[in-house]
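Look for chain A in each of the two complexes below; its partner is chain B in the first and chain C in the second.
And then the complex of A and B:
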């Protein structure tokens, strides 16, 4: 636990100590805007009659919370090894590398959630988004969301540990593919039937739908509408458990292999 | 003078070579960036289908998908490059060499544009093949001219930012990260920029992609009517922007390099 909290603190320092505190707070509030700006413009111009704005906006925002963790965990391997050249010291410390990654991810997730909350404070009244929160589901969903994102992040981090020249473009592509399929921006029912079915099993889909229902208090489209909110929570819990366990094991083996191959302190200047 | 020019060209060539061939050595980079671009394009095409807009929007998104990698390259491959060189410890070596920093940046831009071209063409190809998009080739030479002028202007802007970022540390990287997505949106990569309204378009026009993409859409998508300005005007503005950016870049590079030397920021890492 001590190592986890220390890693969270390091994560906070990395995220925030590049500027003054008040500038960072502005950055924190402004950063998520990029994720939903296109949604507001496109649904504002073309989609007013569809009534899908709340679906897309909530979906995009909650996907953003996952993607930040996912991206940051993968990038931190490269950043610590190549940029700051501190990966070897992290491995030498008494805290396990998995704990370190999870601690950093927790900070990133909390920062992303803080940015989301700040923006929802003005988005909900201005855009008249449905807001009938079920706090129980919201909190449970937020905790499970961390585990889903951290599980995926750990899995990608294990790949990054074993490859010294892998670029973050790979994470971007994966993140982009999951974004299309997760139904964050539009109901996957728009896809051909095969892809619509696949969309239901993308790990992010039930989490995003759960959070949408938990915050809006209603089912916004037919996507996953055959499942009750409790069933959704169950599916998110299952995804979280499987992904987190998988990521945990992969980083364990990835770390061992990376140490054997001498990839912990290698720099390529790529 | 001849010696200086020769040195400039040799530096340009050397940096462009690394950018073109270095990036090709890792197949995963190329595949991932093409896939990333394709997925973004797919997202917006299906979004338009959900919203029930006309099929011409598919063509607009595919063109946006073609241009977006160039902007990403300008932002991450040119604007933040001197920051990365500083972080990797290469900047001090570059500065003590007789090679001019401006040649290095121009080489970076030329190389970056060439290696991004391959990826962008792949995204365009998949967009056309998968979504059955049709473009008119009647004005292809003019479209090529507009495209090249847009690149000139975009990379000019990249060099301006590169100069400014030279002085800064991690805040430069954070700034680039912060502006990336809003800039993509405002430049009309995913929809006609006209829908932003005149006030926002006026600001967005400072990003060369906005007018470049609008002009390309006018020339290549026959049913495109929601233009910002006539493409001829847009071409003139882009030329003007490019020239202005080059002047600002050359001034900023000297001024910021001097300031960075004076304040001992050129070798300051991890700040």
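And then the complex of A and C:
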């Protein structure tokens, strides 16, 4: 637990310690805007008639909470190894590297949620977004969302443990691909049937849809509409458990393979 | 149990795409006792860092076995890690955005230490290294020497049983090197259940600190003994440098004949005073008295005399066939 909390602490310091506290708070609020500004323009200005703004905006915002975590965890492997040169010292400490990554993920997730909450405070009234929250589902969803994000982050980290050079393109492609397939931006029912079916099984889809329903109090499109919110919660719990377990196992094998290859402390000109 | 570390027939091969496999270690074996500072001495690419990485669970061996405090580093690494610390030199590791104190506290938490215990140890060791006043300074504002001192404190704060020091004084100034060496020496003396494995480029450092030294080159252990033993094994003869006011070749022949077989005398001149300088390699320590008498018999007056002690560098030269620096330059592997 101490190791987990220390990991959260270093995560927070890395995120916030580069400037004054008030500047960081401003940054915290402003940073997520970049991820959903395009959605507001697309659906709030040009595509007003589609009525998809609440669907796309809530989807994009909650996708952001997950993507920030796995994006950050990919970078943390390389940052700790190359930039800070601390990965080897963390790796051979009493705290398992998986615990460390989960701590880093927790901080990133909480920071993303904080940014989301700040922005929803003005987005909901200004854009007149539907807001009939079910706090129980919201809190349960947020907790399970951490496990989904951490599971994905662990999986990404396990891959990056085995790469010497940081390939940002791979992360970007993953980030973009899942964004479309998870139904964050538009209902996958608009896809051909095969892709729509695939979208249902993208691990982030049920989480995003659960959070949409939990905050808006409505089923906004036909995507996953055949499931009740409670069933959706069960689906999120299942995918969270599977993803987290998978990520946990993958980091174990990734670490062993990195040990075998001598990648734990490798440094390049990165 | 007296053995802190046991290394048995350790091999490590690095397979690199497009090139022949690189054999970093070829059947290395040695053991380290508690209370010992054990040195691994060798040039770049010799295999010393690879050995330390395997011992500290950072790298898996290709074959062979290493145990630390009786635990197998490959299978029981979760038992090994709480008992060890690694300190590498020549790097600028650390979270630059953290203060010295925060950085050290954070790593203590990775070892599950109670905060009050950690803070007390951090204070103790920062005072020892003379950095208590810099405790609130950010890591990225520190000089290389200061960062290395923090790195050393990080390694010591968790009170490990085995401390791995990989070139700990690389790139730091003389003053910081002396402080680091003194701390390491005192740290081992403090508790008998501690031990240190040191890799270094610096022969004098190994000579000063280590109770035993293994000379490693191209992945093979060439020698493993106390520094004094290595030097003694080098040459059992006594060596002297003697400067006299006058001595010519005929006189030298005469003296050489009188000294008997096995005693070698080489005549040169002192680089500063240009006086004749005799380098004497004597079979026995006591032969020096006969030599001085013989010199006096030839009318030579002694100006200066010193005994030449063999160094670890000489031992290295004998075993590797090259001076340390030459080997460094020739080595393509970092």
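FYI, the second predicted complex is superposed on the first by the 268 of 270 C-alpha atoms of A that agree within 3 Å, B and C clash if a C-alpha of one lies under 4 Å from a C-alpha of the other, contacts with A are read in each partner's own complex, and residues count from 1 in each chain.
In the analysis below, contacts are C-beta pairs under 8 Å (C-beta built on N, C-alpha and C of every residue); 3 or more make two chains touch, one makes a residue touch a chain.
Being a predicted model, the structure only gives us computed values, none of them experimental.
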Fit or clash - chain C, chain B, common chain A: fit
Touching partner for A:18 - first (chain B), second (chain C), both, neither: both
First, second, both or neither for A:249, with chain B first and chain C second: neither
Contacts of A:186 with chain B and chain C, given as first, second, both or neither: first
Partner chain in contact with A:170 - chain B first, chain C second, else both or neither: first
Which superposed partner A:241 touches (first chain B, second chain C, both, neither): neither
Touching partner for A:129 - first (chain B), second (chain C), both, neither: neither
First, second, both or neither for A:42, with chain B first and chain C second: first
Chain B, chain C and vertex chain A (Cα centres) - angle in steps of 10°: 80
Contacts of A:93 with chain B and chain C, given as first, second, both or neither: second
Chain A: partner with more touched residues, chain B or chain C: B
First, second, both or neither for A:84, with chain B first and chain C second: both
Smallest separation in angstrom, by C-alpha atoms, between chain B and chain C in the superposition: 5
Residues of chain A that lie at the interface with chain B and also at the interface with chain C: 18, 84
Partner chain A, residues of chain C touching it in the complex: 14, 53, 56-60, 78, 81-82, 84, 86, 88, 91-98, 102, 106-107, 109-113, 154
Partner chain A, residues of chain B touching it in the complex: 22, 26, 28-29, 31-33, 35-36, 39-40, 42-43, 46-53, 87-88, 90, 169-171, 174, 177-178, 180-182, 184-186, 190-191, 195-196, 270-271
In the complex with chain B, residue positions of chain A that touch it: 18-19, 27, 30-31, 33-35, 37-38, 41-43, 45-47, 50, 52, 56, 83-84, 165-167, 169-170, 172-173, 176-177, 179-180, 185-187, 190-191, 269-270
Complex interface listing, chain A residues touching chain C: 2-3, 5-6, 9-10, 13-14, 17-18, 84-86, 88-96, 100, 256, 259-260, 262, 264-265
